[in-house]
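Listed after this line are the structures, all set down as structure tokens.
In the two complexes below, chain A is the common chain; its partner is chain B in one and chain C in the other.
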Partner chain A sequence: MSGNEAIAEGAIRAGCCFYAGYPITPQNELIGYMSVHMPENKRIFIQAESEIAAINMVFGASAAGSRAMTSSSSPGISLKQEGISYIAGAQLPAVIVNIMRAGPGLGNIWPAQSDYFQATRGGGNGEYRCIVLAPSSVQESFDMMFSAFNLADKYRNPVIVLGDGMLGQMMEPVWLPVAGCRLPVAVKKPWALTGCKEREQNIVKSFYMHEGDLEKFNLLLQKKYAQIMDSEQRYEEIDTKDAKIILVAYGSMARIAKSAVKSLRAKGIKTGLIRPITLWPFPVKAFQQANRQTGEQANYLSIEMSYGQMVEDVRLAVCGKARVEFLGRSGGGVPTEEEIIKKVNSIK
Partner chain B sequence: MTEKIIIAGSGGQGIMLLGKVLAESAMEEGKFVTWLPAYGAEVRGGTAHCMVVISDDEIGSPYIDRADTLIIMNKPSLNRFSPRLNKGGIMIVNSSLADPKESSLNIKKYPFTDMAIKLGNIKVANMIALGFYLNNRKTVKVKSVLKVMEKMATEGREDLIKINQEALDAGVKLKDG
Partner chain C sequence: MDKIYAHPKSLRNIQTHYCPGCGHGIAHRIIAEIVDELGIRERVIAVAPVGCAVIAYDYWDFDCSEAAHGRALAVATAIKRVRPENIVFTYQGDGDLAAIGTNETIHAANRGENLTVVFINNAVYGMTGGQMAPTTLLNQKTATTVKGREAGIHGYPLKISEMLALLPGVKYIERVSLHSPQEIIKTKKAIKQAFSNQIEGIGFSLVEVLSPCPTYWGMQPKEALDWIKEVMVKKFPLGRIK
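Let's turn to the complex of A and B:
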């Protein structure tokens, strides 16, 4: 199964009832899979007339209480930013999948991680955050869709699943739970617009005209974000306890970094890996723990398919207590294991 | 054991399918496996390639810089990928459509396309090449491949299973090129 198909299957099993999207490479297998299997499971599939239409359909479906999702690739995700900002402002759950390609502009269809800032810093106007999940294998792409929908509902907040072309296109064996497609998960949504006969009217909006109202609302959002930062940091760490150099990489890049750690360890070079699974909230706790364990003696190397985006979060996380180096390529180029090993050798 | 294979040829030669059959056979045997296609604007007649990694351990990169095996089905692919063969690796070449000159490489060649025509279906050149590959590298069992072919074929097309299995068998029986 390809990464794109695994995401689609995971979404359906996690109770996604509404999907709207518009085709773009390298995520076409995702919308293709949805077009067949959503109707098969009596869910709604819409190929929208544009990316902007698709995200606004998700906005509407979510306001009505449905588990709703859209997907696209970088330039298409840019088009969705207005809608994502409105969804965040209206405190609605939604899942948005971005199978990144290289940019800027139309760029090309090869894998990249250059939308890190866009995903983790909000992306649209106003000050908001999306929870950002970064799977690193086809299996994890499937599994993560359950978390994505659950987190979105729990916090009434948009969740972005951030993959790249390599992950979307590659096939790997996937273990699927035996039970077939599950019925939509019954999550109580008392705020949803379901018709207000015999109850008070619900209002879904991101518009606060009266003086002070918006500030009050924004403080509420900030409180929610602080809670997410506190409770939802997720990461994988490998061999960090005695490491002299800790590699930091996410998504497809982390797989290559993991191979590099194995090769370097085999040569006696004490290397470890922190793989952020949530990019926002960034897993600061992983770095605090690694710093404690290594007595602040380890250096960090952020490896990205971009020219230095996550490295800023790594610097903030280690707070000046360790050296932070960077290795990155973008535009379709992927740092190789050889390049990582060479860079590590130049640091130690 | 980790085996990295690049399969390359032209669109329409069944390059992706060759890779998928091999990858699914490895999955059948419970191995770790990744299959990565070249997913650009590939069209029939253009170039096509895919990368398959099969291993007993977790696989890092699905992208292959240097391959243990190259399966080359046409000339443009030969020029493009022959520099990416590992030392000690083998290059299997479809000599109907490519004529390898490099003497420093471990080349094994057979006219897979001509052989497929003789079998009655030009499209099964890929499966002859796969059979010949398995003759050289015991990455997966022939039995597993036969099983995968049966699973993958559209229902009611036993004729397709038969010709593909014949082609695989013809490849397996070839003497070391």
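Let's turn to the complex of A and C:
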């Protein structure tokens, strides 16, 4: 199946009960799959009138206690930013899938990773963070939907699954663990809007008008974010132990970087790879670990389908203790294995 | 002796933040009374707007959600789909429902969502300081039409209720007013109808309420009521629209 379909099937099996979306390439297979299989599984599917409506429907569904998600691609994700900010502010769980395409503006429909800043820095108004997960294969896209919903519920926070057009369109075999669809054990949501039967009124809101209240609330959010940074960093490491140069790449880009590591190793060049799986929290721990293992300092090369966004987080993680280089293309171009090898040779 | 009048259970007995002569307080109370009378307090879920009524949830004592400015009907659509057994309504101003949220309004109505909408038309943006609303009358002075609304520059007052009445998904629309006790009684009857429709599964029901805003109309409260009666109802005629 395609990456888009794997995400959709993963979401359904992870207990997604509500989906709202608006068509946009290159994620149309996702909304298409949901339109058939959500109703088939007695879940709710709505083709919304816009991405703005879709994300606000997710707000409502989540407020009512449902596992809810939406999906789109870059321009549509821009429209959702106000809604995501409200979801973060109201501490609602929600999953948002962005199958990135190239920008700015309408850009084109080719794959890109140029929404990294938007995803990892908040994207909408106010200070908030989304947990950002970056799958790099179709199988991982499927599997990751379980983590996405669980993390959203655990922290009552929006989770973004950040893929790109290449991953969304790519066809790969997928192993589906459980036959059919079973809802996971219901998470208790005492804050949800269900009608105030035998309890006090519940209010879902992000508005704090009285002096000092918002500051108190924001500190609470910051505490939650610190906890997420501490316990949820995920990454994959390949051949970092003795590496002189460690490539850093996520999503589809990491697959090409992986082949480059293989080719370079075959030529005796000690190369490794750190593949961030969580982009926020950025896996700072991977860099501390890599440093300790090599004894001597490795250099880093961040490779992206952008003109240098994740590289800023690599620099922050390395904290001036190593050289950090960058290779990237954006607008539909993807750095090739040859380009990576050439760049690595120019560094060492 | 029978008790024939009391404070509604669904309305907190606290002071509101509304200006003297504002209609929001009356509309809040009407809704609270209806919720009590229909016995739906434990089932009702309100969606509050962004506008002067943003903290309606501090006054009503039942479950409430916030919605971003204009998006109440998208939020309400999802709540009702997830919990069809609950009674879900939105409470929205004219800027919220008929300007920034027009898209959500039209499409929720067109899908025929089984929702109740209380639409407060005060012909201005109250919350932000009395600017022009889509429903501002021609020649009406506002903070952004200081010489009065001019059709050639600002367009015409938007009659969204009449527009919505064209949609087959819409089952009930009535325009009412708060300018006198008699009209307030009619307002309550219409809103109660809109709630009953939802309970019976009839479908999308909207009540437009002409509501005074003395502060941003630059009038005394009594003058504001007279202005609705003499001027506003001429452009926004009262009665059943659908």
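Rule of thumb we're sticking to: the second predicted complex is superposed on the first by the 344 of 348 C-alpha atoms of A that agree within 3 Å, B and C clash if a C-alpha of one lies under 4 Å from a C-alpha of the other, contacts with A are read in each partner's own complex, and residues count from 1 in each chain.
Here, contacts are C-beta pairs under 8 Å (C-beta built on N, C-alpha and C of every residue); 3 or more make two chains touch, one makes a residue touch a chain.
As the structure is a computational prediction, the values presented were derived from the model and not from experiment.
Within the superposed three-chain model, A:Tyr86 lies in touch with chain C and out of touch with chain B [touch as defined at top]. The larger set of touched chain A residues comes from C, when the choice is between chain B and chain C. Contact with chain C, but none with chain B, is seen for A:Ile52 once the two complexes are overlaid on the shared chain. By the document's definition of touching, of the two partners only chain B reaches A:Pro26; chain C does not. Of the two partner chains placed by the overlay, neither chain B nor chain C lies in contact with A:Ala266.
By the touch criterion stated above, A:Cys196 is placed in contact with chain C alone, chain B being left untouched.
If you check the complex, the residues on chain B that touch chain A are 20, 23, 27, 32-37, 39-40, 58-63, 65. Contact residues of chain A toward chain B in the complex are 25-26, 109, 165-166, 169-173, 252, 255-256, 258-260, 262, 334, 336-338.
Per the touch definition, chain C reaches chain A in the complex via residues 41-45, 47, 54-55, 57, 60-68, 71, 74-79, 81-83, 86, 103-104, 106-107.
Taken together, the chain A residues at the contact with chain C in this complex read 17-18, 20, 44, 46, 48-50, 52-54, 56-61, 63-66, 68, 82-83, 86, 90, 193-198, 201-207, 209.
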